[in-house]
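Common to both upcoming complexes is chain A, partnered first by chain B, then by chain C.
For the complex of A and B:
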């Protein structure tokens, strides 16, 4: 377990900025309960500071996980956001999309969001922007990337894709084996 | 190759067979203190104490030729050795001395972290702004085109209506003219009839035709 270098921090922040924009400062400057980023075996964890200090007393091969896993670095150096980060992304999301009840299940099974499933969406979403997908009861279901801007999406067919799915909470069941190893 | 530098000569050189092994037990001062036997602390002097005969010989030669001066040792500066040129290999950059290893970002280094956040978000905002602008422009152009098409349709419709009006009004005027003429004729006929009646009441020749 070690803290991140500047380049690694930059890569992680770039990925997070896709979804939460300038609200990363809330993640970083938490005064009551300061949290820190730690790297253990290619996975980046966001953990409160005193927990991180306790984790320092665990040997490296024995330490499996700590705090919330935001994602992991791939072999090519890119950072991939995991569904376990949804808690923090949904809190500070910039662009949101609400899905009707009939569209929840297809999304949780791993399909993309179609125009027919949209309940409502934020007004000014540009194309290819990261967004968080909620159910109509404001329960975060996952995150994805917009396929078209809001204005374009108004003139789409009902079967057209509006958002590409990048992570959904159904992954907790589908990828149960690989999520925490 | 000089004779003593060949491989065979090097192998044969007895100096290369033997190596001096100096144990730390005797060279390290603390370890030496621990030894049970403490040999003479002062080593034997390497200076050779000359015998009586050798002393006399030296004095004799000194009387003849003068005292032996100690060999002079020159410093490098006095020898004026020229600075030797080294070949410059292009592209080889001498390694900069620096600390090896990863430099971490301190956990509460708000300066670096906020700087990173700002940098990244400014770049993203630029991108997003340009995308929004482009989409807005496209929308505006589309709206204008729609308006133009609507206007053309309006014009066509207007033309059609005008023509219809025209025809209707032509029919109307024709109708009124016809009716007016008919009225006139009727009036005239009536007048004529009235006149005839009055003339007829004055003189009314009874015309009779007889056939033979």
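For the complex of A and C:
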């Protein structure tokens, strides 16, 4: 376990900024309970500083996880956001999209979001921007990128894709074996 | 045919007979007449006169069947039945008085008449009477008849029960020949079951019910054998579990192990409230209700139209599927905010996430599991439920406190034989051997000592260790706790703070445990409908040198091993003999004795 290097930090922040934009400052500067980013194996964890200190006494090969896992670095050095990061992303999300109850299950099975399933969405979403998908009861279901801007999406066919899925909470069941090791 | 015919056909009596019977007949007649006048309801009662005969024959013929019937209905509340019967009897006693007398008379009458055709005449007789009355109130009459029949049936049944009681020393145990025959055939489960219940009955009132010349152990052996055939346990395990309970409770326990416990979920208070969650699930077609008063986060699921482990709420981490018994150790642990807590055997994370939720994501929770594959599900649950204050490690738990110590609270839900969760995993019935009950407690002892050493005795709010297992075996519970109390005098058992549960055993089959062991709590499937479970809560009073120990799992294993090897060997160092010194002592006491007897010890030629 170690802090991120400058290079790594940049990659991670760029990715996060896709979804939460300037709100990233809330993640970095939490005065009451300072949090830190930690790299363990190829995974990035976001965790309270106190917890990170305690975790320091656990040997590297025995430390399986700490705090919240945001995602992992791929072999090519890119950063891939995991569904476990949804806690924080949904909290600070810039663009939001709500799906109707009949769209919940299709999305949780790993499908993209169709026009017909959209209950409401933020007004100002541009094309290819990161967004968080909620159920109508404001339960975060996953995240993705917009296929069209909000204005374009208004005139789409009901079967057209509005947002591409990148992560959904159904992965807890589908990818349990690969997601956490 | 009426009374006239009867009169006609009676054989001419002798003079004495004539006089004697004539009187009776007269009295009977008058009474009969009265009875008819009084009410039609009484008439059918005359049928009771032949019924005792019927019953008695039935009793002798169906003796076995009856017993079986009894067994087939083990849940019949005999008291209630008796009460009902009693009331029936009381009702009938008054009004039947006449009728019984009547019946008696009738019997006598018939006997004296000695005519075969005379007997059916009674029914005809009654028919006649009925016909007379039918015209006016046939419906009421027939209903009353039905009632009477019912009552009679009840009485008959009652009588059967009663006839069983005075003949208690029923032969329950099979003879060797019968056993051989049984062994050659596939087991007849109903017979085995019947016999089990019979034996339990006998064992409960052994002095009264036992067969002459049979010992208690013979009954117990047969019962254990039957339990093995009926429930499919190994003889070893059956005996081990049987010894925990009284015979009838043991049967209840074994039966409860055949039934699955209800599905329960725990609301994740980090993300949802129980009422909201219940509402959402009900809308999805789930039939549920709160588990009980002792928990505010548990819901019991009866049936569901959707898979309960794949709803959007589940995936969003609003609840976790968790056995009700798993709430108990965490509730006993009672984690407080901003503490540092260790869960030594955490996977799959039900308890860890509960701890985290109770701490409202403050402080720090170390979740350790020795099995790397199982940490996967642990991490998944931690993330799904949104626990942010956790550190997941993969150590042999005995490595603590070497890795990190000084925790405010430690939860040790020890790996165990699983004798409390046979309903979940029936493999336990055959897989567990005697060896397991030596090896598993051996590990548990080391783990518990490590848990105790990992706690900070000076913690302001904590200093608590909770030890739990999902086993009911004493070896894994009270014995381990007792061992820890002996080995670590700096801990005390304290009340678990749980409202339900039975106190732990302070003595078991000749083993005496520390009296405070009764503060531990036991849970059985047949009493609380939760998995069999055990919870003990320690408070660490002050620190010890062991807390500083840098011993890892290997060192602890070696220490435990050498300790085991040492055990039972009498060492030479407890005393040594010096025969010269002893000689002097013997002499003085000898002299003193002589003095006491009035003999001068210094005199020569003392005769002993």
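Keep this in mind: the second predicted complex is superposed on the first by the 181 of 181 C-alpha atoms of A that agree within 3 Å, B and C clash if a C-alpha of one lies under 4 Å from a C-alpha of the other, contacts with A are read in each partner's own complex, and residues count from 1 in each chain.
Rule of thumb we're sticking to: a contact is a pair of C-beta atoms (placed from the backbone, for glycine too) under 8 Å apart; a residue touches a chain by one contact, two chains touch by 3 or more.
Everything quoted here is computed from the prediction, not taken from an experiment.
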What does the overlay on chain A give for chain B and chain C, a clash or a fit?
fit
Of the partners chain B and chain C, which touch A:177 in the superposed model: first, second, both, neither?
second
Partner chain in contact with A:149 - chain B first, chain C second, else both or neither:
first
Name the contact category of A:109: first (chain B only), second (chain C only), both, or neither.
neither
Per residue count on chain A, the busier partner among chain B and chain C is C
Geometry of the superposed three-chain model: angle at chain A (Cα centres of chain B and chain C, steps of 10 degrees):
160
Please work out whether A:164 is in contact with chain B alone, chain C alone, both, or neither, and reply first, second, both or neither.
neither
For A:28, using the defined touch cut-off, is the partner it touches chain B, chain C, both, or neither? Pick first, second, both or neither.
first
When the two structures are overlaid on chain A, which partner does A:47 contact: first (chain B), second (chain C), both, or neither?
second
By the touch definition at the top of the document, which applies to A:55: first (chain B), second (chain C), both, or neither?
second
Go through the superposed model and pick first if A:69 touches only chain B, second if only chain C, both, or neither.
second
Once both structures are overlaid on their shared chain, how near does any Cα of chain B get to a Cα of chain C? Whole angstrom is fine.
18
The chain C residues in contact with chain A across the complex are 280, 309-310, 312-313, 315-318, 340, 364, 366, 372, 375-380, 382-384, 386, 388-395, 403-404
Could you list, by residue number, the parts of chain A that touch chain C in their complex?
47-48, 50-51, 54-55, 57-59, 62-69, 84, 87, 104-105, 108, 135, 137, 139-141, 169-170, 172-173, 176-177, 179-181
Considering the complex alone, what residue numbers of chain B touch chain A?
102-108, 110, 112-114, 116-117, 120-121, 124, 128, 131-132, 135, 139
In the complex of these two chains, what residues of chain A are touching chain B?
2-6, 9-10, 13-14, 17-18, 21-22, 24-25, 28-29, 34, 36, 49, 124, 126-127, 129, 149, 151-152
